[in-house]
Every structure is written in C-alpha cells, then in structure tokens.
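Labels run A, B, C, D and E following the written order; every chain starts at residue 1.
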Amino acid sequence: MVNPIYIIILSLAAGFLLSIFDKSGRKLSLIVFYSVLTFNVFVIADWFYRFTVLGVSTLTINTAGFSAPLSINLQLGIQEAFVLLFANLTGLLAAIYLIKKFKESNISSLVLYLILIMGVNGLVMTRDLFNMFVFLEILSISTFALTILTKNKKSLSAGFKYMIAGGVASTFFLLGVVFVYYFTGNLNLDFINPSDFTNYGLIAIFLLSIAVFIELKPFPANGWALDVYESVNSGITSVIAVVNSAAIIFVFYKIMPLLPQNLLNIFGIAGVVTFFFSNLMGLKQTNAKRLLGYSSIGQMGLLVASIIYTIHSPNKLIYLIVGGFFTNHLIAKAGLFWITGIVKKEKIKDWGILKENKFLLILFGLLLFALSGIPPFPGFWAKWEFIKLLVHGKMFFVVGGILLGSLFEIVFLFRWFTIAVKGEVPSENPKISFEFSKYFSTTIFVGITLTISVVIMKYFYDFNWFQFLPLIAVVVLYFLDFIPSKIKGFLSLIAVGIYGYFLYPFESNLQLFFGIIFIVGSAINIIATLNRKNINKGFYGFLLMMIFSFGNLLIAKSYLEFFLAWEFMTISSFVLILRGKKAQKASLLYIIFSTAGAYLMMIGFSLAPNLTSNSALIIAISNINLPILVTVLLAIGFMIKSGSLGVHIWLPEAHAEAESDVSPFISAILLKAGVFGLFMVGISYINHVPAFDMFYWIGWIGVLTAIVGAFLASFQEDAKRLLAYSSMSQVGYIVASIAILSHLGWLSALYLSFNHMMFKSALFIAIAGVYYRTHTRTMYEMGGLIKKMPLSFISVLIGIIAVSGVPPLSGFGAKWLIYSSFIERGWYLQAGVLFFASAVSFLYLYRLIHTIFLGQLKYEHQNVKEAPIWFLIPQVIFMVGIMAISMYPNLIIQPLNSIVGNYFNSSIIVDGYNITSSLGNWNGNMIMFVTMGIFVVPLIILVLLNGRTQTVKQFNIVYAAERPESPQTTHIAYNMFAHYRKALGGWGKPRIWNFWHETNEWAHSLSGLFRQIYTGNGQTYILHIILYIVVIYFIMGV
Amino acid sequence: MDKKNIKKIEKEMKLANEGLPEKERSLFSDVRPTSVTPLNKYLEKFLNWARAESLWFLGFGTGCGAIELRPLMTSRYDVFRYGIAPRPTPRQSSVFIIGGYASMKTVKRIVRSYEQMQGPKFVIALGSCTINGGMYYDSYNTINRIDHYIPVDVYIAGCMPRPESLIAGFNKLKEKIKAGECDGMNKYAENFDWYKKNQKRVIKDWNMPDFNW
Amino acid sequence: MDIMIKILYAVISVIVATVYGLTLGGVVQKIYARVHGRFGPPVWQPFIDIIKTHGKRVSISHGIMFYLGPVFRFAGGLGTYLFIPVIYGSVVFANFSMAGDLLLVMYFIFFGQLGMALGAGEGGHPYSPLGIARGLSQMSTFELPFSLAVIAVAIQYDSLNITTIVAAQQGSILNWTLFTNPFAVIAAMISLLGMNMHSPFSLVLAPQEIPIGPPVEMNSSFLAILQTNRGLFTAAKLVLFMNLFFGGATNLLIMIVKTFFIYLVSVIVGAAFPRFRPEQSFRFFLKWPTIIGIISIIFIVYF
Amino acid sequence: MIVALILGFALLLIGIYGMLSQKNLIKIVIGFSIADTGTHIIIVSIGYLRNRTAPILNSAVDISKAVQQVVDPIPSALVLTAIVIGLAVTALMLSFVVELYKKRQSLSIDDYQELKW
Amino acid sequence: MKKIINRIKEKIEIVSLKQRDDLYFINVKEEHIIFLLSYLKEQEGFTHLAFLQAVDYDKYNMFQLTYMLYNYDIKVNFGIKVIIDREKSEMTSIHKLWAHAWQYQRELHELFGINFPGSPRVDESFVLEGWEEIPPMRRDFDTKEYSEKTFYQRPGRSTNDPKEYMKEKLYKNFVEPPKIRREDD
C-alpha cells in the first residue's frame, strides 16, 4: 500500500530538516529520527508480508513519470524486501544502540545516519546503473563521515584508509558504468542484454563487477576494512559490517546475470579463498574486534561463493542457503559487535569478565554458536545444504576450503567462548556497566535468530517434535533454573523415563539394545548427579539435551536428522565438559575434534545415495550401497567420537577435567554413540562388500587403540585420567570386534559395549564418591580407604574384576567371545596383541584399586565417611546388573544372538547355559557356581585351622625391626610401573600427542605468516587493490 | 580360659602406648597379648613334632654370632637336612637366634621383632655375652642378661660357638620342643608387665607401642 | 546324583595333585641341594612345614581383604587345576573339564594372581605392592609369547578345548605338538620359566631385593594356604603344559613322569642363572620369545 | 574523441600513480582528485559524436533539429553528478587530513600504521 | 717433611715431635688450629682427614683433640693436637673443610660432651638413644658401677687370671721348654 519511494523521500527530507528541529532541542530531533527509521522498517515489513504470504508479484516504481529506459525505475521484489527488511531493522537497532552517543554528538551524525539508511534503501531498489553509483557514493560518504563518530587516532587513520580505498573502488565503478553505457547504450539493468559484452565489451562488465567485488573486501585487498572494524565505534562498525555489506552484496547479486560464466567462477573461487584465509588468519588474533573483522570478511566471502554456486539451483534452495548465510552473518555479526561494545575489553584473554554477567554470557554464547553453524541456527542448515550442493557438483576443492575454513573459525570462536566462560576475571574494573539500550538491541537480535531457526525448522524441513526435544529441554529447564538441584534431578529423571516410553516402539531390536544403553544407562547415571547441593544453573538442561539427542540418534529417519541429533549431542556434551573447573583446554580440544569428525560425516552423508525407505536410518541403510569413500569418511567421523588411536587425545582430557558426575555419561554412554555409528556403517558394508577391505584396517586400529590405551592407562597418576584411557582401550576392543564382521564378532561387540557401560559407570561413580570425600584425584595422595569406604571398595573390586575378564564375572564372557571370533576369523596376530592388552590391563586395574583403597590410610583421611547415598545407589544397580549377567549369561546372550541373527547367520549354538562356538564352549552359569564352590573350600580351611586371629592397625607391619615413620612414606603409589616404562624405552614417547601439537603450531605460524600482508599502510592497501584487479584481469584471460 | 572371658580381659587391660605421640596412637593396635593354651594333648604332641622338624629361624644378626649362621647353610654343615631354614620376616619364622652382645639400641629391635613373631616361638641365645654380659659385662651399653627382656629357651655357651655347637643347640631345642617345654610365648604373655618394666628401664626413648603386634 | 560323584572325584584328584605338587617341591629342593653339593631337606619337608604353619596358635590379619587374599589365591589354584582334564580318558581325573576350555584356564590363572595382589595390598607393607607391580608387569610380558603359542595350538587343532587337543596328540610320540610345531613349544617353555618364577625371573619373591615380596605380611594359616597352593598351582600349570604340548597322559604314572621333566627344565635353568633386573626381564620376554611365538603361528598357518 | 579518451586515461593513470607513490597525505588527495577528473573526461568523451555541439538547448540549437546537432546528452548529464560527488569526496578527504594533522602533527602516511596484522 | 714443619714454625709457634718417618705430631694453640688445618689442606697437600679423636685429662681439666691428616704425595701422617678447656668444652666445627667431619664431631659430642656449634646434626643421638647420664667416655663416669646399677647381674660370675687358670686347667703337667739363646739379645 505505501509506495516504497516514500522511504527514500522521507529519509532525505528528514535528513535536511533535522538540523532545524534540533534548534528547538535535541529531544524533538531524536523523536523524528527514530520515527523515520521505524516507518521505514514497517513499510518494508508490510511489503515483505505481502510478497511472502499474499504472493504479490514484484513491484516496479517508475520515477519522473517516464517508463524504464528513460527514467530510473526502482524495483521491490521478494529478494529486495528480504534484504531491506534486515538492513533497516539492523539500522534501527544500531541507532537504538547508539542512542547515548547520538545524544552527546552534534546533529550531523544523526543526519549522516539517515542519509546512510536512505543510501542503502536506494542502492537495493534502483535498477539503473548510474543511479546505483550515486547511491553507492552517498552511502560511502556518509559511512566515511560516521567512522569518526568517536574521535581517536586509530579511527581517524582507519577512516582515511577506508575512504581512499572506497574512492578508488568507486572510480572504477564509475568507469565500469560508463563503459557499459558505451557498449550497450543503455543504463537500466533490465534492458541490458549480456550478449553485448563480446570481446571488447567484456572490459566494461569486468570493471563494473570487479569494483563491486572490491567493495566486498576480497582476501588480499581487504586491509582497509579490517582497520575500520577494529577501531571504529562498535555501533557504527556493526552498521558498516552488516548494512553496507548487505547492500553491496545485493548489488553484486543484481549485476550477476550480466557476468560471463568464467568471471563468475573466478569470483566464486575468490570468495572461497577469502573465507579460508581470513579464518586461517583469525587463529592468531588477540584483539576481539579485529577477530570479528576477520570473521565478517570470511563470512562475506562465503556469502559471495554461496550466491555464485547456487545460481542454477531451485529458488527454494537459494532462499535457504543464501538466506541462511545472510541472516546468520548479519545477526551474529551485529550482535557480537554490540557485545564487544558493551564489554569494552580489547584483548580476548580479558573476556573472563563475562562470567560476572550470566545473561550477557548466554547472549554471547548463542551468537557465537549461531556464527559457527551449530544447529538449530540458520548457519547450520545453510552449510548442510550448501555442502550437499557442492558435493553433488563435484567441486571437492571448494568443499575442502569451506570446511577447513569453518574448522579454523570453530577453533578461534570456541577458544574465545571458553575464555569467556572459564578465563579468570581481570583485576582492574571488573564491572560491566549496564546500559539498557545496548542490551535491548542485542536481545532483540538473538530473539530474531531463534525465531528464524524455528521458522526454517518448520518451513523447510517437516520435523516432528522429536527433533525439537533437545531444544525444548534446554529452554524449559533454563526457566526452571531457580528450583533446587535435587528436584530438578528428579524432574529430569521422570522426563527421561517418559521420553523412553515414547521412544519405546523401536523398529529393530538393535535400536532397542542401544536404546537401553543410552536411555536406561543415563537414567541410572542421573541418580548420581542428584548428589549436587547448590542450584548449579543450566546443568540439567544440557544433560537432558544430551540424553534426548542420544535417543534421537536412534530413531533418526534421514541423514539430516541423524546429523542434527549428532550435533546436538556434541554441543551439549561440550557445555557439560566445560563446567569442569580446569576444563578450558579439554573442552576446546573436544569440540575441535568432534566438529572435524562432524564435517567428515557431513561430506560422507552428502555423498551417500539418498534413502529409499522411510524407516529408521539404521534399517534403511542396510539396503543402501554406500560407496567406499563414504564408508571411509563416516567410519573416521565415528571413530573420532569413540576415541580411536591417532584421534584419541581429546578423550583423557575431557573425561578427567569434566565434573566427577558428568564423566560417567561421557565415558560410558557418549563413546557408544561412535560405536552405534560404526554399526550403521558396518550394516551397509556387509550387504555390498566393495573391493577395498576397509574393515581390516579398522580392526587393526581398534586393536592398537586397545594396547596403547592399556599402556597409557597404567602410567597415569590421576584416577580419572586412568579410567579415561581404560575406556579408550575397552572401546578399542569393541571397534576391533565390530571390524570382524562376523556373527560372533558383533555379538562380542554388543556384549562388551553393554558390559562396558555398566562397569565403567560404576567405576567412574565410585571414583566420584572418593573424590567427593577426599577432594583429590591424584592417586598417591589417597590410600587405605577400604576401612573408611567399604561399599565403594566392593563396587570398584567387582568393576575391575569385570573389566579384567577374570572368569566368574561377565568380563570373561566378553573375552571368550572376542578371542573365539578373532581366531575363527583368522586374525591371529590381532588376537595375540589383544591378549597382551588384556594382560596389561591388569596393571592399571591393580594400580587403581591399590593406590586408592589398599595400602596406608593418610592422616587427613582418618575421618572420611562412606560415599553419599546418591553415589551408592547407581553403583549397587550396576553391580547387581553385572552379577546377574555373570550368573545367567543367557539373559543377554539370547537377545543379542537374535539381534545379530538378522545380519549374519548364527555361528554359535546356545542350549541351556552352554554356549558352544566352532572353537570351544563356555558355560557362564556353571563356571560361576564352580568358582563359588571352590572359593568356599579354602575359606572353610582357613576359618577352621586359623588360630586366634588378631586384627591389627595399619602400622603393625614388619618394617625391618623399625617403625614406619609416616603413612606417606610407606604407601607405594607414585610412579608404580617405572621399571615397565624404562623397559618400553623409546616406545613410550607420546608420538601422537606431539603430532597434533605440531599441526597446531604449524597452523598458527602459517596464520602469522599470512597476516603480514596487512602492513597498516594505507598506500599499500591501494596497491593491493590495483594489483588484485590486474591479477583477476589476467586470470580472466581476456 | 574359654573365649568369653578372654574378650573381657582384653577389653579392660588395653595397653596405654604412651611412648607414641598422640597423632599416631590410632595407627598401632593397643591389644594386650594373651597366652593361648593348646587344645588337646595328643594333637599338641604331633604339632610339637612338626614344629621341631621344621624350624624356621629369623635371619636377625645381632652381635658377632650372626656370622656363625651363614656356614650353617653351606654344604659343609647343611642345616637344611634337619628342616631348619632361614626366613626374612619374623611373621613366618618360629626361632629367634640372638647372636652375641645386645646393646641398648639392639634390645629395642630384638623386642620389636620377637613380639612380631607368631604362635609357639623359641629363642636360642648364642655366646656368653647373652648369658652374663661376657667380656662386655662392665660396658655402659651392653645388656648383661637377655632373659630379663625376652624368654630364652636354649643358651649355647662359647665366645661365639662354632656351627657344630650351633647344630647341637638346635638338636637340644628339638628335644625340648618335642618334650613340650618351650612355652616362651605364654610365659611372655603371662608376666608381660615384668618384661615391659625391665625393657623400659633399659630402652629410654620408647617411640613404639607397648606390644608390637 | 552324578554331581556328588563328580565332586568326590574332584576331591580325590585335588588331593592327589596337591600331594604330587608338594613332593615335586621337595624333590626340587633336593635337586637344588645336590647342585650345591649338600644333602638338602627330606622330600616330605613341605608337608611338615605346612603342618607347622597351620599349627601356629596366633595369627594377625590386616582386614577383610587380607583375610580373603590367600582364599582367592588357593581358589585360583584349585580352579585352574579343576578346569583341566588331567588324565586323558579317565573319569576320575576329568575334573570339571567338560566346560574345560583353554581361555577359561588361562584367565583363571589371573584370578589367583589378582586375589593375591588385593590381599597382599591390604597388608600395608611397602614390599608387597612392589612385588605385585613386578609380578603383574612380568606376567603381562610372559603372557604374550604364551598366548601366541596357545593361539598356534588352537589353529593347529582347530579348537580351544583341551580334551580335543590332547586327543589329537595321541597315537605316536611324533604327533605331539613338540614335533608338529616346535616353535610354539619353545615360546611356551620360555614363558613357563616366567610363570614358575625360578631364578632368572624370580622378581616377585626376590629374597635379597624385596624379602619374599607380596606374602611379606602373611603369617600362620594364611601362609600355610599359600604353601599348599604353591604345590597345587605348579602341578596344575605343568599338567596344562603337558596336555597342550607333550601329548597329555593316559595314566597317572605318565603324567607324573612328563610333568616332572617339564618342571626339571625350569629348575635347571633356575639353578644356573642369576636374577634379572625387572626391565631386563620385561624386555627379554618382549623380544625373542614373542618373535618365536609369531614364527610358530606363521609356521602353522602356512605349513 | 579518441584524443580526449587517451587524455582521460592518461590523467587517470597519473592520478593513481600519484596516490601510490607520494607519502604526503595531501598529495595523495590531490592524486585522487586528478584521477577523478580523468574519469570525468572519459565520461564526457564517451558521448562525443563528430562535429556536433554540446547538448545545451539554447539559442544556437533549436529544438526541432537538436537530435542531429547535439552530442549524446546522457554522459554529459551523468558527468555533472559525478563531478559533484568527486568534489564531496575530496572535501571529506581533506577534512580527514586536517583532523589527522591535528592529532599527530605529521602528514606522512607512514606514521599512521599502528593498526596492522 | 722437615721443610713443612719449618714453614709452619715461621708462621705460628708450635711444638713438633717425630714419631716415625711417616708419622709426625705437633701441638698447637686453640686459636691457630683452624688456620693451620686449612693451610695444610690447601697448600701442603694434606688432603685426607683420617680421624678426629679426643682424650679426657680431667686431672688437668682439659680435653686434647687430635686431628690426624694424611698426605698422599709424600705418604706422611700428621697429627695436630690441640688443648681445649674441659668446662667450656667447645671447638669450632671443621665440616666446611672436610664434609665427613660431622660424623666424628657428632660422636665426640655424644660420648665426650664436646660441642661443635654449626656442625650438621651434632645433637642427634649416635649410639646411645635417650641417654640421660653424663657423656659415658668422660673419666668421671664409672661404667662398671653404671652397668651393675642398670643391667641385671647373673650371680655366680667369677673371673680368674688367664695365665694361672690356663696353667692350672690345661697345662697341669706342662714342662718349661729349655731357653734357646738368640744371637741378637
């Protein structure tokens, strides 16, 4: 209804009249100023509503009464409305953000701001080339002037550099426009036909497009933009970074149809190069705003590449990808600049200050997650679709550049986030001043991101509410955070129960089995978390998110649903790990490795042929013939998550540094997600065995993980780190037995994973109980706790017997199954190495139980009480579980046999309790009773024949006719297997750790090398621009 | 003395262990030793035979007698023939050989090792120094009569008796055990306070429990 | 009903094995004495020692785990023995071997080891964990060649069941594993040295370095049970080796003769060699015996 | 038309060369304005047709035959706005230079390099 | 060795005595002792401190300390005697010159009561744990009486002169062997 031309007219008129209004007081001028801005937003919003919902066709407005070629015509279509809506909205919110600044500064800044908004609107709507030049100039001049809103030396020189570079670019733009006119004789975009640009004509369109591309700050020629981002006032920088760039990117979008294909490709490649290198250089940044500058340049490059590469795809896809990247960049960037404005801290390492202000930290976190493409934010969907598109287009080089670039981005963004959450608060001025206006605009923007993501989730993908569950859990529990922790614990327990109930009718019993591990296992582990005393905000929210994402993993129907659940699981476990006291490095390491794995899986999934049946992925994948590259990628992704050799360095850090009642979740259940994935890959692999026998190598990796994990575990001083390496070694067993691809192999894999979940959670919870009482994790500080904590001792004793595989308990069943499957399959050397690993596992198991429970009790632990009841209940449940399985193995062998039955024909005969395989037979029940009988005989002998027994205290030992000086000196715990380490000699060196450390160093030095380009000298920047143009010209090969 | 009142006796007569600092009192057991009488005669006769046939002596070399123990294990004297073997810890040995002079410092260690030995235990004292102080009778440091500090079963005189006389001593000990006369443990438990008084008179800084279990 | 008979037979075979094990110990003491040129204790000396140690009137215990340590150890010894079919074909000496399976027996050895480790650990004496750390590390290294040899045997006879392995070796002397796969036997015999803890590998009970290692706090009846177990456990291991590598035994006499000569190997090596440093012994086991083990597997697979 | 075009390009290159080589800020601004005028000349020379007159409808050119006598009017119209914009940009640049001089009392561009890497 | 003693004589006033050609003794005043020891050790090559002993002359109310040094090159033992007052019974510690001297000084402190301030662990018990009496090596301490007091005597101890006892016990019918004249006496 309102003709969009009024936007330009009104802002222009207001611009001039403001100085008059100002005469009668600044308040009046401000009111006028803000009313104009809100008017613009409403007009555009109304049109946008008409276009999208009512489906009105694009509107063309002719000026000065003449039709198009003679006069300038403006056009407002769905794309323009979308861009303008966001541009004006950001403009309004940035203005609100700058309200304090506008009050003080003279009226000219308000005028300039209005002119800027008018320039943006005009630039987007105009179809006429020269008019575009005019609006571009208006826009640039007002931005140049606004840069010195806060007058300091840095912003002035940055402004000057920006102006020169902008000037050069606009000169070329002008030349381009003129030559286009010369060759086509026409200035209006609609009437120029691209065929005119034959041989000579190419120079015109080249000049035009290169000028616009320079404005978009391509990689080598964007020094001037970085200085502006770093020094200018945050409000203005957000406007420059978002509103200007949005307008210019749209200009590029408008002139794109004219460009020849080879020029387009060059710009696409240049975009990806910009994204990759700016993120690489971001690694080395310590200044917050400059880091955001690098990231925004990168995002612009990505946006350009996305526009170019989605040119031939259907509209819906374009809107999703380009729209997703656009909103993601726009909102996240503006929000983050505003937050840097609020926090006012130059150096990243001082951002520990954010810990004080929880609300701001949440905003900051959400915006960072949006920027780095974590679901449910738009960036995630856009990246998924874009990678899928590129992979189908066989452009692997581009895919590689983008994924590697976004990995660098994840590194420096999450490093920033972990510093903010875990960094120490800087001493001077620790307080963040609260300004309503700044908070208001940031919260609005975060709200908009969330609404967009929900819209995308609803509109583009018809997800059922299961996929939303993890999100709902976090939000609901965020609002319930004031309730004391125990009630929240019970609530979450009930929630998991209900979720399990809804999840129950699984399609395949393999899902049921993993369902039990995930849901029932986490339910029991939640009991252990009930021991928490204080409110501990946000813990149960993310815990539920993780558990629900486990469940969603099982019932995922499409690749995207699986990947969505996978990413939810990663991000929630990352936040849970981050809660640990010294967990900053550990969580960063974890998120980097998981995202790298996730990206590999993303490529894998996009390469995989699409699913036929709509049943759960685990079933549907069995009749899909995954090409070999996909299986390799997926397998690597899943193995990263299950901590196999070579990518295992995140595992000990994450387990040890996470809070003591979180580590059981991570080690017992999170690793099983990787195992579930490997099963999925295995299922598709067995139906269509391709040439290259990949699973043979996965088998070797599993075996080596087992042996290396066992050795590393036995040389640890910290109890939780020891258990972490032990889980790595146990999962190594599982991975190796999956790789056998035989009935017995998979049976042992499932049996061991169920076993591992039980005894590993029991062990971790027991150590949590010990840590809760003795407040220390290093083992040599403990000792002799059997007298004070007998129940924990029993649970650890049963745990280590189960882990080591000593006959009566269920561990032996796992070992028997594994060795028979290995020998049956013919992997003899692997069986030998596995046997060696299980023998070495005795070392660390004995070390765990001896240093903590046996030996000498220290003075300070004299009055330690038994672990709290909440830790004991889950341990008792798990102990009962282990005893039940070892007493009646059929309880689990029977169902597992049927599960594996529908993939392989069964190779074992189960009659009663006697299980006979091709090699030998095992009767768990009989062994258990015989062992009990055997155990009773010497007990009776001892009780009968033993004289009067006198139980004595800990110092009544034969100490070579002396008395022991102190418990510390007589307790053998520190560096227990020093001779073994000496025997291993060279083999003991941490090679893999060094390798990853080297790559990290190498990446940082490379980033240091590339950022030398920005020497800070304005002239060199102009030189870069001109050289860039010349280089692109030659590449284009006119 | 059946089981019931042993418990009662034990409870009232807890050892004080003042020699120890306050912090370490709870690290040592303060139970008083009690004498344990054998159950029935014939079983005891048989067990005495077994105890005599397999004498494990504690390799605790005090004074110059220790050097005599080494040749016993060589092929020339070969004491293994009689079932006699050295054991490194008092827990597993039944014979405690005190070889020669015992200074005040050594008596403390002798008492501690003797009390840490188990069940029927026998003591052989070599050389005249254990009998009446020998040539160090007038020294400020040497104990004159060892039997005031721990009960002794067999003395072997001589200013360091040769291995042959040692074997003779062992045989004498075997006869005494078979005859059932060697009851050092009960003797020590019954007049425990007398022994403790004597020991405390000689051992000045008593930083150990009253009875070293 | 047959359970009762089976238990009765098991009791008989355990008593026979323990007596045989202890006399074997006595005989070995005699051999050591003869090597040193002295008469040495009478052959039945171990029995007297056991009776004497049981005869002790007083014993001290450091807590429940210490009390159960020797029980675990002896149960481990009993279990290892009972799960091996001692005499091929005889019902009396079949023990509980119908579930008899190589992996079960190999892992039952660990059962005894682990129990002993826990019991000695509770004792609180520094020497016991030192001894156990050495014992476990050495056990982990000598298990490698032994497991490789066992796998080679499993491949050769295509089964992990001891009865089938022994059955395959009957007939003439030539089809003992000794001749059909000599490398496996060499590797296994070297690891037997480690298992029996005779001199070159007597790290655990190293009399000079850590006086008798783990059982330093064991006294009176606890010690007696350990001594009986030493007899039974050695017998069990020897029977296992006899079955796997030397063609099993059809009657008691052959069993005694064969096991005696197997044991003799480690005794003679023990009498001649001084003790290794811990890291030397670990490195020793991981070098040559493992290579021989791998050769034995390759030998079986490809010939 | 060709001569004017070449002249325009020459001026443009001189201007850019001036911007790149000179250290003094004011000289850079001058270089920029030269380049700007160069572009304007190019714009005008684009619309030139042989022996035709400037597109000003006044006494010399009567309305009816204007189309044959007049040079292509659009570039000339465009150049007007371009000149105005060039003027605005140069003015702003000079005000920046004044501000910079007030802050650091130095005109060489090398002194304003603190924002780097 | 003569030259060395003369050189010492120039420096400080001493009394020297030649026991054997490889053993010399000198008496020194208390204040010169440390100077002399360090001089001998650094310049004269007497690098080895064999022992440090004391003699208790309670009649003259003095202790006499003897430092026995040894020179590996000229193979000579050199004893330095010094008199210190019995009441004060204090001597500067020489553990800085010879590290192992603390052992001797600790023993002297326990058995003679001579105090060496600054010497490491000088007041820890050496042999006698928890000794309350006066230092036992002093002349005025009667060991026999102490032994009878603290340790229990076994009655029936009799001592007899070994010469007569042997003659009476073993060589009853012993005939004195004829004396053989040796050429040198």
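In this text, a contact is a pair of C-beta atoms (placed from the backbone, for glycine too) under 8 Å apart; a residue touches a chain by one contact, two chains touch by 3 or more.
Every value quoted in this text rests on a predicted model; they were computed, and no experiment measured them.
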Contact-graph distance - origin chain C, target chain D: 2
Centre-most chain, if every chain is reduced to its averaged C-alpha atoms: A
Best-connected chain pair, where connection means C-beta pairs in contact: A-C
Taking each chain's C-alpha mean as its centre, the one farthest from chain E: D
Distance between chain centroids, defined by C-alpha means - chain A, chain D (Å): 51
Centroid distance [mean C-alpha coordinates] between chain D and chain B, Å: 116
Interchain centroid distance [CA atoms averaged], chain A/chain E, Å: 82
Whole-Å separation of chain centres (CA-atom averages), chain C against chain E: 61
Of all residues in chain E, the ones touching two or more other chains: none
Residues of chain A touching at least two other chains: 947-948, 950-952, 954-956, 958
Multi-partner residues of chain C (at least 2 other chains): 56-60, 216-217, 220
Each pair of chains that touches, named by its two labels: A-B, A-C, A-D, B-C, B-E
Chain C-facing residues of chain A, complex: 784, 786-787, 793, 797, 800-801, 804-808, 812, 815-816, 819-820, 823, 828-829, 831-832, 835-836, 839-840, 842-843, 846-847, 849-850, 854-856, 914, 918-923, 926-927, 930-931, 934-935, 937-939, 941-942, 945-952, 954-959, 970-973, 976-977, 979-980, 982-983, 985
In the complex, chain D residues that touch chain A: 12, 16, 19-20, 23, 25, 28, 32, 35-36, 39, 42-43, 46, 74-75, 78, 81-82, 85, 88-89, 92-93, 96-97, 99-100, 103-104, 109-110, 112-117
In the complex, chain C residues that touch chain A: 54, 56-65, 67-68, 70-72, 74-75, 78-79, 82-83, 96, 99, 101-104, 107-108, 110-111, 113-114, 117-118, 121-126, 129-130, 132-134, 136-137, 139-141, 143-144, 147-148, 151-152, 154-155, 158-161, 216-217, 220-222, 224-225, 277-280, 282-283, 286, 293-294, 297, 301
Chain D contact footprint on chain A (complex, rising order): 130, 133-134, 137, 140-141, 144-145, 148, 151, 153-154, 156-161, 163-164, 167-168, 170-171, 174-175, 177-179, 181-182, 187, 226-227, 230-231, 284, 1011-1012, 1014-1019, 1022-1023, 1026
Residue ranges of chain C in contact with chain B within the complex: 29, 33, 36-42, 45, 48-49, 51-53, 55-60, 207, 211-212, 216-220, 223
